[in-house]
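Mind looking over this structure? Questions follow.
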Amino acid sequence: MKHDPKASHCQCGGKMSRRGFITALGVGAAGVAATGAMTARTATAKETPMIPSGEMARIDLTVNDRAHTLLVEPRWTLLHVLRESLGMTGTKAGCERGECGACTVLIDDIPRYACLTLAMEVQGRRIVTLEGLMEGEKLGPVQEAFLEEDAFQCGYCTPGQIVAAEGLLRADPNPSSETITRAMSGNLCRCGTYPHIHNAIQSAAGKRR
Amino acid sequence: MESREHRLISGRGQYADDLDFPGMAHLVFVGSPHAHARIVRLDVAEAEAVPGVIRVITGADVVEHTHPLPVQANFTSPGWTWRLAEVYAMPADKVRWHGEPVAAVVAEDERTARIAADKIQVEYDPLPVVAGAEDALKPNAPKLYDDWPDNKQVHLKFDFGDPDAAFKEADRVITVSNREGRVTGLPIEGRGCVGHYDRGKGTLTMWGAFQTPYLQRHNIAAAMGLPEARVSINAVDIGGAFGLKIHAWKENVVALASKLTGRYVKWFEPQRDFIVTGPHQRDVSWQGEVAVKNDGTLLGLRATVTHDLGVESTQKGIAALSIFPACSSPCNMYRWKGMHIEGIGAVTNKSFYCAYRGYGKDKGIKFIEAVINRVARELNMTPEAIRFKNFIQPDEFPFKAINNYVLDNGDYPGTLNRALEMVDVDKWRAEQEKGRAGGRHIGIGIVTSIEPAGVAVPNCQMGGLTQARVAICPDGTVEVDSDRTEIGQGSEISHVNIVSGILGCKKEDVYVRPVTSETIGQGPLSSRGAVWPASAVAKAAKQLRAKVDRFAASMFDATVDDIRIADGVIGCGKDTEKQLTFAEFANKAFFFPGPRRLPKEVLLEHEQLLSVTTTWYSPSTPESGSSYTTFCTSADIAVVEVDTETGVTKILKYAHVHDAGTVISKKVIDGQIHGGIVQGIGEALMEELKYDRNGQLLNTSFAEYLIPTAVEAPVIEIAHLVTPSPFSETGAKGMGEAPIIGSKAVILTAVEDALSPFGILVEDSPASPERVRAWVNGSKGDEQ
Amino acid sequence: MNQFIGSRALPDLVYHRPGTMDDLLGLVKGIEGEYRVVAGCTDFIPAIRGGKWRFADGINVVDIRGVKALSGIREEKGEIVMGAATRLSDILVSPVIREKAPVLADAVSQMASPQVRNTATVGGNLCMASPAADTAPPLLVLDAKVAWRTADGEETTPLNKFFLGPGATVLPPRSVLTEIRFPAPGPDEAARRTRMGQRTAFVCSIISVAVWLRGGPEKIEAARIAMGAVAPTPILITAAESVLIGKKPNEATLAEAAKTAASNIAPIDDLRATADYRKSLAETLTRRLLAACVGDLA
């Protein structure tokens, strides 16, 4: 999936409930000031490579082809920003320390753990989450394959599995069986759905071709 | 219409961590660093001073505002021991395991709660630690519960059949022992929920990862001292359960937090908490002797199984209850003359024991399968030959076993034969011979098992409660309620298949509603989903179908025998003019013309609504007292290769034959088989919770408590036999636990076979590389 | 005493992301208060979440990923040079590494998980100075050197002298590791490595072993054996070299070398393995790797 330069520019996060309230910039500085946040700086500008403690920084990033401008605290992880600022709960929190894979997202097409990624680091980067693999209301090819092969049980690790599989197929459209197994070794599934996941990825590779 | 599958795969699932309510506060727990200590002082001032902290709840608050956790299983019988300790959701005076929660912080957001949690000061006076069952049962061991005479919580004694006669008849008696390590089920999603206490109505509503909402409502209401009718428990999407989410424990603190603060309060458990304060299982040792004839006939068993239960379970009595199936299941699928089995449970300073896939059935079957393979080796028989000799035969069903289980049916020899067709064991045995000459150690494991499924026992909350409702709405769509929560085991798709099959409606028109405490039942545990709730759903659907037939007959001016329903269309005989979709039919039945045009009898019998609520009970239990209803059959054959220098076991081939009766959904069953086998492989080869002598749990994360990854999962070949059970409404048998039972047993027996040249008995698990290497090093001399 | 067993919050960070080497060195020179240089954060975040590291609010985090000069792999003057912030996954796909030092790629291919390898860096792996650092044994047998810079200059040291103990290195305060370099192996050299974990993938090594030989089937001219997770730091085991050098690499020689290597380590018992098991593996794995290298030379 290519980044669409005409992608809509969203400034208000996913929804205006508790999630998405604190950091949404869209309504203007008033909304931000109300939360007690101080000056916003941009992390891109060469002259300010530093974001002081306790202050919020402005970052620009693209999530699922949609550009966002957000205020983040430097200690926030990408996982926190996705789930809490943007209200995108498709990406799951498992261990919060890079040991389970539930929070796998693509950063510039590469699978990484959102729990081990500081939000500041993804300034200007292109993030893809499970939600971003949808084609409108239709499932994307990897999702379709997971559905057909029944490649999930409880569904909790599934977003991470599907995104890891998508990342694999973007890098290697024709992975060998061994490659699939190795590529998926960073995503634990306690339901033990591995054989069906493996089948789904093989089938997805065919669908994407 | 979006299915559950579509919802989860598109990222629209709603799990506990995804819940969001206005003004929602967050709760985190603070745990004890000591395994056994008196709480001398607990200072929350610094934590409460953190901006954003709403309240700190201590054990003292819990004792003040709530009741002790309720009893869920209680047995007394002459000569037995069964003790229950009084425990609260959090203790005020004493901690009994590493990690036991002593306080909870409620704050505006989770991060603030976490920061404040670190500022709670607790002063402890450490007490001597009871580090394991063996220590716990020693005379003068430090006691966990002051009002008990010792640390023995449970001692059950069973005489099945005539054990003395069995041993008298024996040609030989072989001493056997076995031990398995402590493990945890550990779904990727921890426990979690949101609680909301409405002060105006005096109602408590909770949403979260609730595996058994009806029982959890009872237990939370009891602990909270609230009228049960004012408590509502709602299951959301659950990220795996395996028995670990039947709790009503920390949930009480969440409820109390809401009651004390008036806020929606959310708690979502990080993985570390889940392991350290999680439900644990296994950690048993067996000592016994088996009586056999020289021709391979199995006669009797005398054995004692000792459980390290950890502290009193937060599900009081449920840990102890799992000792029953552990004691009964060694009978497995063979004819025995008699057994004397004793089950002992000791309390220790470890996290508590609760349900995890297997729940004791795994222990007994794993033990007896290892024993039988050992007997076969002593008698110079193959593992398959000794089984063929002792199987209960297909013409003997229903078979009342000496342990009082009434085995429904099956084809035990046929199941093993099918597995032997899939794996050419003679070829592998030749390979084994050849390999040994070159220092290559191949092992072939063969295990057969039944899975007792669908528990119904007296004096506990598992007595066989289930309820289902199937209804046609005025627009023709169908809604289904049951107590079978969806925990990844496919309950929703199974119920869709059952209901659409019976009613003749379209699958996409069936909506299986999220499970709430409004529906009576034990929920999906003990592999009862396909037996009890599914039977109730099928029964309700059949009754509803009879109503539809009757209504339609009246609408078409025909007889019920003329009504044909398929693919969402209700027809009458061969008359293509007389057809109604479900929507048209329901509209007629409810509104236009509505009940006034239904037959007089229907109205007078108050049968005018297209909704059926019913229950179901196991037909074999009332007369026989059988604790379980269906017994699916499995045969597992594994071929492994053990590197005796490094101790690493590699699985070369794995075949599993399964007979779960009528297949409601093959994909669901295959998924359950894969998952159970992978978990069993984890238990057999790598998973073990390790406590040190001070009661500190050493492996507290996914990096330390290792579960199988995609790389560890072998290629699994599956074959299905179908012997429908006469004891369930659909003919299906419960099967969720079967694959974990067979797989861990078969891997260990294959490893033992591989190591047989060294004279090694695999009597301990997991057979980790280090353990295998130590066995090889310690074996008498080199290869024989 | 840790009262709270859950997942800890990250402290308030002062986040720095310099874009050039000069900015980086100037920043590190002048920074006030506590600071940490991070490259992937794959150790930093878990260490805080698990309570292993505790920082007061205001900790400076210096993210070096913005400095392009710190990433990349090149071959110059017979040496292979890797920037300290080179990601593990870049090592895996690097044509230079795959051709000249496949032993390093092999080690990296088994580290952590694909997602971590897409994030973590080789410099980070070395600077964390874990006894089990999996890039260390192959780099040690490849005779790697590491270079660091401060605002005032540059220094280089053999990797063998880099580690001081668990989590400790010779890196002076206010310095930044910049490069790892090693001579490109010649055709008469062979190197192999392996490791053992409690499971196959996504696991910390309980032992890792790398061996390197120069010579031919008739005579070994030079040898190196390195191990991880058998001592407070990854180590070169020089004692075994003399057993091999000048000898014909037959089964007995290799077995003796392996035995010597194993008797010159002092592993500890920990959650993952006992010392005895590690010693036993050290011998077995070394012997097997030596035999494989001899095969490569032939």
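For clarity, chains are labelled A, B and C in written order, and residue numbers in each chain start from 1.
The working rule: a residue touches a chain if its C-beta (ideal position, glycine included) is under 8 Å from a C-beta of that chain, and two chains touch if they have at least 3 such contacts.
Quick caveat: nothing in here was measured; it's all calculated off a predicted structure.
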Looking only at C-beta pairs in contact, point me to the busier pair out of B-C and A-B. A-B
Among the chains, which has its CA centre at the largest distance from chain B's? C
Chain A and chain C, separation of their C-alpha mean positions in angstrom: 30
In whole angstrom, how far does the Cα centroid of chain B sit from the Cα centroid of chain C? 43
For chain A and chain B, what's the span in angstrom between their mean Cα positions? 33
Any chance you could list the residues of chain C touching two or more other chains? 7, 9, 50, 201-202
Where does chain A touch two or more other chains at once, residue-wise? 95-97, 99, 182, 185-188
Could you check chain B for residues that touch two or more other chains and list them? 270-272, 701, 703, 708-711
Quick check on the complex: what are the chain A residues that touch chain B? 17-19, 87-97, 99-100, 102, 129-131, 134, 139, 143, 146-147, 150, 152-159, 162, 180-182, 184-198
Given the complex, residues on chain A that touch chain C span 43, 46, 49-54, 57, 73-75, 77, 95-99, 101, 104, 110-113, 115-118, 120-121, 164, 168, 182-183, 185-188
Which residues, counting only chain C, touch chain B once they are in their complex? 1-9, 50, 196, 198-204, 271, 273-274, 276-277, 280-281, 284-285
Can you check the complex and tell me which residues of chain B touch chain A? 5-6, 8-15, 17-18, 20-24, 185-189, 237-242, 268, 270-272, 487-490, 667-668, 670-671, 674-679, 701-703, 707-711, 713, 715-716
Which part of chain B faces chain C closely enough to touch in the complex? 28-33, 99, 110-111, 114-115, 117-118, 120-122, 269-273, 276-277, 645-648, 686, 690, 698-701, 703-704, 706, 708-712, 768-770, 773-774, 777
